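Chain lettering (A, B, C and D) follows the sequence in which the chains are written, and residue indices restart at 1 in each chain.
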């Protein structure tokens, strides 16, 4: 019988789905031009000629600052801490957020609107006040210490504030909704029948999750990773208010340059290093996700 | 509108004409109305009530009060030097010197602000003659009477007893704008150094930091919160703000003017170049005894016209300026970037 | 698009020398194709054969690297899809979910600026034609799969397109519904006389619906003909195997004169001579013939005429209307498949596995594959 | 879990997930609850747990002119930002997804890149740039600056929704005689509307809470609420700032409620 039809593997003929006529490639121009003009140009302009406004310090050529940033062990460490904090916070967001996304998609049912509402609600309060809420909780005589003291877990209050711990908690609090919604939107597109087939094929619940559900949801984790990473990478309000300056990252130092040292050349150099890190990571992640099969 | 050219932006600047035409945008306001600045909260109330309203009343022009911080105002003025969006800037000494050096300020003399004649030379020298300071505060010790029964009498005692672990001390974070003066210079001066040798200050702060008994406050209200919530037991703070807080019913807060002399800093107001002539009227009001005393009642800070007589309540509270220490603003400003970098590397807060 | 005439004129569709590459992959290799006015032509082939690319080129979604697309007398190759006057039905129907059935069907008319009164009457006509009268106000998600299919068809025909393109239109329906819809589709297409191209990978659908079948593989058109021609007289091994099942015999071909050829097939040590009819203008040498399983008869005794091959029953299944046997022939790698019609409930001889049998078929039922 | 009866063990993952959800939302909403609670305290300073109950700080909010004025500016700015951002971002999102733009990957990265720049740097750079253009410190400058940072959110959301919609609809419309503009308005736009709505709502939220950019463009007429709030709480931290936050929250919750009514909140998901 037929033994030849399967011999020709079907080639990926249609590389781009959809026809070119519905959307013009030129539609990119408005946003492209807007960002080139109002984002790239100002920053380039700023980099090329920043005067040291309102500081009495001496001026240096830009290379001085880049050299300092990329050779001085202290600043190298700051760069490292910046990346480590962003990656760490992002990973914690994945761990904390995944079960929530799973619940939202698989179990929440008619409550899903409420769950999404509760997820988004924190984004609607001013970040200053949200962070202040954490300060109340973490304070030396705050809720958490009171509680731990009352159940005799502690003998004297712990300084939760002004350390990496409170910063990480604060950042996760601000960013985890973004992760949950990214993962949920992909989980939702996974047909539950695929999971059922895996169960029928003998996989237990855990194996099904590990071998089927989780790999299929990698796209969502990827998108969530990008956005959380970028937001963590640029945040300083949380670091300022919960870290007490203890945990130093590039955005925090940039803020410091603006408000006290007013050495804008150094600030510009730091922000360019930060931008380079962010764009590099972003591009890398987009490539990785693309390979895993997110549709273009 | 487009006279200023800044490299690549200069080329694009030509587009501004088109853009301005399209958007109908214009800076033109009533010619003699001015924009003056203020910090937020109680500052804004004082400036509006004591100065802006007085200005409106006397001249018929409007003084719009812009809330914010010097970092923002100076940037805005430097970006638009020919048609400044702000006409009077409130700022501390190093900022005044830096902005004056850039030529952002109009020279301020007794000719255009006659009331300057009653301001002691000391407050004119503090900003190297670019006008004068109009108020000043002393950086004193404030403590929680419930947890600190026997407050220290000097700054040095405060340090020693913090190191012994008697309380949790809160000090301004290095990100607070005036920290270079009150922390780095203030402690260097106290412990035998000077503006060119701040090692003694860094030694003290390293010890405090290592003791684990010191935390940082990032704004003047942050301090009050830390004290209210019990986060800190004692700290260094501005005298006027401490008294204002006590007056609001918080009599658990105590104030000590250290015997080894508090550091004093002062705040100046200056006229931005290319402003309408009415700014001089405004500034003259700022330095006039009546409005100044009004301002002082709000903030409980010392003011600089020697003709001002303080109310009985304030009389005992305001630290006389000649019983304080003041640092060399220019040298401090010059060293700020280096100090902050060193602080970042060695202390951390 | 002839919106004024009551019935769209049947036009001829011609593809001339069309080729299309995607990067390194040749999707279409210089293909020519003509669809006579009013006929329904199917493009049949495995996925990736180029049939969908052909359809998308006709529709204007892709532009060919070379060649012309002609509808009637007009070269439409440079026109955008909306100027070609076509109708199209997608596999998933792509009914606009935010529009009612009526709005969906009226969409093309609105684009052609047809007046509201005429729109209403023509939408009504089309709904009658597809047997869904009164469905105007429903939304697509309120319809069954078959109903959606009909609406999609109505929407594509209401503009009286010169050419109707059907991209696997029945693929999403279940088997019974699909058979129903095949007849329905054929009826509607005949009624309107619209020149139609159907893309499918389902050979049965192609044979049932088409006036012409085009079999494609790897970007090439292999054979064009009536369903009967293509089924009965495949030119190539691919066509013979893609359209239904086929048994192939390979051997040396010799001319036996008068439109008859003999193929000497070697099975192990035995050599069997199989006769096949063909025009004389075929070369000799190594060749292949194909025989459909249903053309072969089984018997215990060797019949005295036709082509005969001996073998042994290896497997048997009953498929309702026929018995399917798998016959092993000594010295041959693949088994030979034989379908024998189930005749009556009793008295029928059913061969059992292990039984030795003779397979025989008429020499006119052998097809010489000429085009490998 | 074999030691448990099946009826229990089969529900265990679900039960533990529910318990986890409760813990998660306590974590997520706790700090916000604290802020709202603080806004009712009768004390002059920010105290938790709050002492007593008073509307006084809300009265203070409405009595204090800078709060009210800046709140109005913030809302106007948020709406204008969403509209301009949508006008700019929506076509770009469509083009990246289906416009066959060369280097679509890199362009997407570029469109998202304002996300990764510290906002204070964007604000400062734009202040000088726009001032050189003669726009100076103005509502228009503020609008441009806010649009720069909201475009990524709109592009992401719209692109996410658009990607999930089969191109068949547009192709069908094209065959039926619709030209590009007609396809856009009759087919694409209605189908991506939830994404547009969600993206623009996100843009509004981003705008209304922005501090580091608004900061540079504040004039007495264009100061936004966060700038006034920060300055206020730096110099006078009474609970009226908590009241301002709570009012902002209430306004935003009403906005969300409207979205939920019209499109359902699910549309917000791709925005992240």
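The rule is simple: a contact is a pair of C-beta atoms (placed from the backbone, for glycine too) under 8 Å apart; a residue touches a chain by one contact, two chains touch by 3 or more.
As the structure is a prediction and not an experimental result, all values here were calculated from the model.
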- Item | Relative to chain B, chain with the most remote C-alpha centre | C
- Item | Pair of chains joined by more contacts [C-beta pairs], C-D or A-D | A-D
- Measure off the straight-line distance from the CA centroid of chain A to the CA centroid of chain D, and report it in whole Å. 16
- Averaged over CA atoms, how far is the centre of chain C from the centre of chain D? Could you give it in whole Å? 54
- Geometric centre distance via CA averages, chain C-chain A, whole Å: 53
- Item | Inter-chain centre distance, chain B versus chain D - centres from mean C-alpha coordinates, in Å | 34
- On chain B, where are the residues touching two or more other chains? 6, 9, 12, 69, 75, 78, 225, 229
- Shared interface positions of chain C, touching two or more other chains: 60-61, 80-82
- Query: Which chain D residues sit where two or more other chains touch them?
  - Reply: 46, 48, 124, 128-130, 132, 171, 173-174, 230, 233
- Note on the structure: In the complex, chain D touches chain C at residues 166, 168-169, 171-179, 182, 186-187, 190-191
- Query: Can you list the residues on chain B that touch chain A in the complex?
  - Reply: 6-9, 12, 69-71, 74-75, 78, 94-95, 97-99, 101-102, 168, 173-177, 179-180, 212, 215-216, 218, 225, 229-232, 330, 333-338, 340-341, 344-345, 348-349
- Item | Complex contacts: residues of chain D adjacent to chain A | 13-14, 17-18, 20-21, 24-25, 27-35, 38, 46, 48, 87-89, 91-92, 94-102, 104-122, 124-126, 128-130, 132, 144-145, 147-148, 151, 155-156, 160, 163-164, 167, 170-171, 173-174, 180, 183-184, 188, 205, 209, 211, 226, 229-230, 233, 241-242, 244-245, 248-249, 252-253, 256, 260, 264-266, 268-272
- Touching residues (chain side chain A, partner chain B) in the complex: 37, 41-42, 44-45, 48-49, 51, 53-58, 74, 135-136, 139-142, 159, 161-162, 240-241, 244-246, 248, 253, 255-256, 258-263, 266
- Query: So in the complex, which bits of chain A are touching chain D?
  - Reply: 16-28, 30-32, 34-35, 38-39, 41-43, 45-46, 96, 99-100, 102-103, 107, 112-113, 115-134, 136-137, 143, 173, 176-182, 184-185, 188-189, 205, 223-224, 226-227, 230-231, 233-234, 236-237, 250-251, 254-255, 258, 264, 267-268, 271, 274-275, 278-279, 282-283, 286-287, 290, 295-296
